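Single-structure report; data block below.
Should a chain be cited, it is by its letter among A, B, C, D and E, assigned in written order, with residues numbered from 1 in that chain.
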Amino acid sequence: MSKTTDRVRQILSWYSSDNPGVQTNLARLMMHGALAGTGKFVILPVDQGFEHGPARSFQPNPAGYDPDYHYQLAIDAGCNAYAAPLGFLEAGAVKFAGQIPTILKLNNSDTMAKMEPISAVTGSVKDALRLGCTAIGFTIYPGSSARNTMYSEIRELILEAKEHGIPTVMWAYPRGAGLAKEGEQAADITAYAAQVACQLGAHIVKVKPPKDVVYQDEAKKVFEKYNIPTKTLADRVRHVVQSCFAGKRIVIFSGGEAKDDASVMDEVKQIAAGGGFGSIMGRNAFQRPRDAALKLLGDVMNVYKNA
Amino acid sequence: MSKTTDRVRQILSWYSSDNPGVQTNLARLMMHGALAGTGKFVILPVDQGFEHGPARSFQPNPAGYDPDYHYQLAIDAGCNAYAAPLGFLEAGAVKFAGQIPTILKLNNSDTMAKMEPISAVTGSVKDALRLGCTAIGFTIYPGSSARNTMYSEIRELILEAKEHGIPTVMWAYPRGAGLAKEGEQAADITAYAAQVACQLGAHIVKVKPPKDVVYQDEAKKVFEKYNIPTKTLADRVRHVVQSCFAGKRIVIFSGGEAKDDASVMDEVKQIAAGGGFGSIMGRNAFQRPRDAALKLLGDVMNVYKNA
Amino acid sequence: MSKTTDRVRQILSWYSSDNPGVQTNLARLMMHGALAGTGKFVILPVDQGFEHGPARSFQPNPAGYDPDYHYQLAIDAGCNAYAAPLGFLEAGAVKFAGQIPTILKLNNSDTMAKMEPISAVTGSVKDALRLGCTAIGFTIYPGSSARNTMYSEIRELILEAKEHGIPTVMWAYPRGAGLAKEGEQAADITAYAAQVACQLGAHIVKVKPPKDVVYQDEAKKVFEKYNIPTKTLADRVRHVVQSCFAGKRIVIFSGGEAKDDASVMDEVKQIAAGGGFGSIMGRNAFQRPRDAALKLLGDVMNVYKNA
Amino acid sequence: MSKTTDRVRQILSWYSSDNPGVQTNLARLMMHGALAGTGKFVILPVDQGFEHGPARSFQPNPAGYDPDYHYQLAIDAGCNAYAAPLGFLEAGAVKFAGQIPTILKLNNSDTMAKMEPISAVTGSVKDALRLGCTAIGFTIYPGSSARNTMYSEIRELILEAKEHGIPTVMWAYPRGAGLAKEGEQAADITAYAAQVACQLGAHIVKVKPPKDVVYQDEAKKVFEKYNIPTKTLADRVRHVVQSCFAGKRIVIFSGGEAKDDASVMDEVKQIAAGGGFGSIMGRNAFQRPRDAALKLLGDVMNVYKNA
Amino acid sequence: MSKTTDRVRQILSWYSSDNPGVQTNLARLMMHGALAGTGKFVILPVDQGFEHGPARSFQPNPAGYDPDYHYQLAIDAGCNAYAAPLGFLEAGAVKFAGQIPTILKLNNSDTMAKMEPISAVTGSVKDALRLGCTAIGFTIYPGSSARNTMYSEIRELILEAKEHGIPTVMWAYPRGAGLAKEGEQAADITAYAAQVACQLGAHIVKVKPPKDVVYQDEAKKVFEKYNIPTKTLADRVRHVVQSCFAGKRIVIFSGGEAKDDASVMDEVKQIAAGGGFGSIMGRNAFQRPRDAALKLLGDVMNVYKNA
């Protein structure tokens, strides 16, 4: 830790209802790594072993089967934090103690069951504390008919986490019986899901980069009437940021499936241009060879640094 | 207990986030029996009375109706541990106190009910402690739509067990509405289930020997693209081991239904060749006459000893 | 209480994992009444008022509407114990204090609701203690899709009861969506349910006398392959006794619906011949006039005494 | 663990009221080290850093300032167990996990305060479990006017420990306002303190070798009337052993302050001759150079092995 | 946080029984400020307002009446941490969130009451968490007849703190009816108190610089017999470090009452020469004008950096 910057203190001021413990851990996230002090984020998440299966996740770069690999990658790249399910964090928590803030994902889903989307709770605030984590993570699926269970689970976890000085990162992925495929990344739906996450008390929201679709009829009328621009990703990101309490909640964007460097950089520039707070980039990081990953993550960080 | 070997200490080092109590009990498992010090495992599990019914389980060798029989068999064979539901362990726990590490299976299922696969919780960490057990066991059924209940149950039990110095062995059996029959032992699904068990915090994972099938479409693409070999059992075991945190979590393989000695030995040799940590062999042990069982278990141990 | 016999001490030795309190109460059950010291049991259960309704239960012998009647009947007949739901026990517990061991049935079901079979928990270990009971009773319905709830409930109750020195009698009645009517009393299913009760930690198991049916396909193969005899009730009882840990758990048989004296005596003789530990006989006792009931119970006890 | 011997099973049979967990841990103590299977004990206790101060304890052999030293000494000497306060155990519990049973001393005293003798509670059963200990230890000072506090503290700890499968070793040191100096090691007082420890529920009692003094007037009359011999240490040990429930509780003897090898061996031979179960020898072990300590401990073990 | 150094990892390895949370927070203390990575410590403690009263504490430099002053001083000086009672920490915890590790002193004493020395518990682990603290602090007074209360209080707090990933700093100040004034800072007593703190499970011990006195008769014999040097402060510090588990527990030294720069520097050089891990310097920091304090703290840090 070094002295917090004006920008970091400004961001913390938006969370003034939170106790000093939560603010301290938010500061830790913002004061670590290559983006320390900028209020920007590049986080390495590695939950794909659980969410997609090991071969799909790690075979492209088999070093990633080893949990140590991701810790070291996140540290060496200068990420703000490393996020993973319990098993992966536990495997390296002592070896890398104190080297990078970690985020324990408290719920996870696999693709083997056929069911309405709802992740299983696979960890606790107590686990986060004993593992030295800086935040907890939790996925909600707005659009799922199991929504109420998820919303209630996370409300209890957020409250418990706060009492222990731990902030919450919320993955907001619209999905479920209430949404057609094209709605899942629509501009209006993404902004809506982000708003819901903020209203649930998330400190940091993670969404997918929204697409140029407005899905809900009622939303469509408003987007048209008021000319809310959705053509560029920057436009859509701007709307999402605005939907996160006029920019007073941190919102970051996932990298999605693996693509070439140029595509990644294009997307990141648009996110930065739209005022996004950063990227949480898994497969585009750990599925590349280590050198290429470090190079790409560095380039991404430079975009945010100069935004 | 005698001095731990370099290999045992190496394995323990992968569990450095765990307290000394958990590590002590892991050491106890690895320092007992014919394979003491090798880091390899042959465990006798006898939950079939509960899971399949008494006649199916014990009539082939009626001595097995008596709970004492299995304790004595595991001890005399030099197994690392004996695993059973509460009733069987309770029946002999005083008589055999201190003679073999025991694993209390905390959930069990019978075949009389027709329901989405989910075992009933039939024991507690407190039971494990009062019975002098060295570990708890728990079955998950990835693929079941009751998945979330199981994953949450075991997370709480693992945390409670850890606090009391007790490690967890997880039976990972893919099964349920999300998987067709041929998926249950597919190579990709077995590796996926093993990964999920590791991510949930299992210390030791038990899976069935995977078959030469790749079940999920997305996995198939990856297996083909990267030429992940699945032709021999050794190949498939190797992929499972890698999927258990690059070999940094102990994974053992069940013996499955009764077969002749040669088939058992073939399978075991393949498991050993693929880097598996051992076998957990129930029906192929206790359904044979005692002498034949001791002979076979001895042969199996020799394979692992020399692997 | 007088000195325990060799046989009683032998039976207690099978429960050596239990604390002296549990063993003391098991001894109380075995050292009371006409069968004291024999290790055999005749128990009077009167839960039919709850389970079947008052008129069906008590109108055949209206004296039975009065709870005192059953206490006095069990005492005068020399039963080992009297088992009933909370209300019936509470009504006479002071008046008959110290005259007969009592068993508090902790769950009960009525026939007014239509639901997957699962009894309601209607009493507690605390109730059993304040009422001076010698054991708790609990019904499980293997075959019900509510199985997991029941198994978990009873596991917690058994543990709590043990900690207070109280043993558990488990009624194991296969029933529910997983079983057709003809399966409920099949020889294989009865033995399976008895095994499950033992694995769950029951000290005494109660099942219905099994019929000459083998229900599950997988069981059928085994019964045929190994020629497990099922023709006589004695044969089938023998298989059930063996399925209760090779005879190391007490298993007793219910009398079922009212029938004439000869049929009752036939059944009891078969149970005794098959090695059953006794009978738990309700309707065939309290629905007869008192004198007839005392006579029949005395005859039944004589069969067990001479077995 | 290897097969328990007849003698070990005989000793365990004296503790049949204890659950299998407690018996398992007692068996672990008796099945480890050079005396495995004999029912005899040589334990290394190192609480003197706390009880007497570091220089007095460790300067004679400065290697002993390092907690690792004592673990290794106990392991290499083949002691049954190593006993120490929390700090010393915690320092090596991971490094030596699974290599030797450990006993966590739950209360300790230092010499800096001037007060009626009563140790401070400095650890918990939870600590013992997380550190993988095989037993807890506790010191009582019969003779102290703070007696009731100590007796109550240990009763609660014993009960909690039992529920978690952990046995208790009790240091019984008569001391306090009720006893003159010459009474502290008197034959009658030592036997009396040992009896009190047994009555409090200790599984293993530790006393100092009694001296040829009978301290209490009422005791003196009885010793004289019945000619209870106290001349040799063997005589006095015999009386202490008898006072421990006619030899049905394990009682071991402390080595006391450092002395030459011959004196130690003389004392040990008398203890063995008197039927003592073993020695718990701290300063006479760790204050010698390592080679001398190993030699002496080996000689002591040989005495017990051949007793 | 940046990459931990070899030295930091070596120190952490001594705490391997602790969970990753505790190790993470220990790493945070060692990776912050001017001494980051060296394994050395300069901590600013400001509990004198509570312990000595405001005028005595803050009038020499009235800026110190303001809690913000001390936060800023500790930050600007590059201290590893700032330690204070609840009120002072709470006053600035949001303003300085994430800028410096803080240590919440959980017990404190004032000079207004006349009683055997024992501090009042004035905070909780929950407070430490909600305030974002990196460690808890606790004062013990060996020599006080209220010792047992203190030792038990801190044992429970350490255990609770550990479960939440929080390490403990223990102030060990011998004082009370058992010790004359000249004993309180004697070389033997200081080492003894440090040993007791380590045995109680402290992660970091704080003592006063010991004086050239050996206080206890039994200790005197040993110091003389083994020629333990006590002439220079470096000699005495060396003995204290050795008494902290052969240097495997962090021990730091308080600055004591205000003195001139040269005296402070002399003392610090001796502490460094004797192998002390650092200084915890209150009055000699905050009672000086800010510039002088920064200069002096910088000089002190340089001594440790080059030690």
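By definition in this document, contacts are C-beta pairs under 8 Å (C-beta built on N, C-alpha and C of every residue); 3 or more make two chains touch, one makes a residue touch a chain.
Nothing here was measured: the structure is a model prediction, and the numbers come from that model.
K.L.:
Looking at the contacts, which chains touch chain C and chain D alike?
P.N.:
Touches both chain C and chain D: B.
K.L.:
Based on the averaged CA atom positions, which chain is farthest from chain E?
P.N.:
Of all the other chains, the one whose centre lies farthest from chain E is C.
K.L.:
Looking only at residue numbers at the chain A/chain E interface, is the share used by both copies over half or under half? Answer same or different.
P.N.:
Looking at both copies, the contact residues mostly coincide.
K.L.:
Quick one: superpose chain D on chain E by CA and send over the rotation angle as a multiple of 5°.
P.N.:
About 70 degrees of rotation relates the two copies.
K.L.:
How far is the middle of chain B from the middle of chain E, if each middle is the mean of its Cα atoms, in Å?
P.N.:
Using C-alpha averages as centres, the distance is 49 Å.
K.L.:
Determine the centre-to-centre distance between chain B and chain D, using the mean Cα coordinates as centres, and give it in whole Å.
P.N.:
Distance between chain centres: 39 Å.
K.L.:
Determine the centre-to-centre distance between chain A and chain B, using the mean Cα coordinates as centres, and give it in whole Å.
P.N.:
36
K.L.:
Provide the C-alpha centroid distance between chain A and chain C, rounded to the nearest whole angstrom.
P.N.:
Whole-Å distance between the two chain centres: 58.
K.L.:
Tell me, which residues of chain A touch at least two other chains?
P.N.:
Chain A, residues with two or more chain partners: 90, 93-94, 126, 131.
K.L.:
With chains as vertices and touches as edges, which is it: line, ring, star, complete or other?
P.N.:
Other.
K.L.:
What is the complete set of touching chain pairs?
P.N.:
Chain-chain contacts present: A-B, A-E, B-C, B-D, B-E, C-D, D-E.
K.L.:
What residues on chain B touch chain A, complex-wise?
P.N.:
Chain B reaches chain A through residues 14, 16-18, 142-145, 147-148, 150-152, 155-156, 159, 174, 176-179, 188-189, 191-193, 195-196, 198-202, 216, 218-219, 222-223, 225-226, 228, 239, 242-243, 245-246, 248-249.
K.L.:
Report the residues of chain A in contact with chain B in the complex, numbered from low to high.
P.N.:
Touching chain B: residues 49-50, 52-56, 59-60, 62, 65-67, 85-88, 90-91, 93-95, 108, 110-115, 118-124, 126-127, 131 of chain A.
K.L.:
Under the stated contact criterion, what part of chain A meets chain E in this complex?
P.N.:
1-4, 8, 12, 16, 19-28, 30-32, 75, 90, 93-94, 97-101, 126, 129-133, 163-165
K.L.:
Which residues, counting only chain E, touch chain B once they are in their complex?
P.N.:
Those residues of chain E that touch chain B are 16-17, 19-20, 163.
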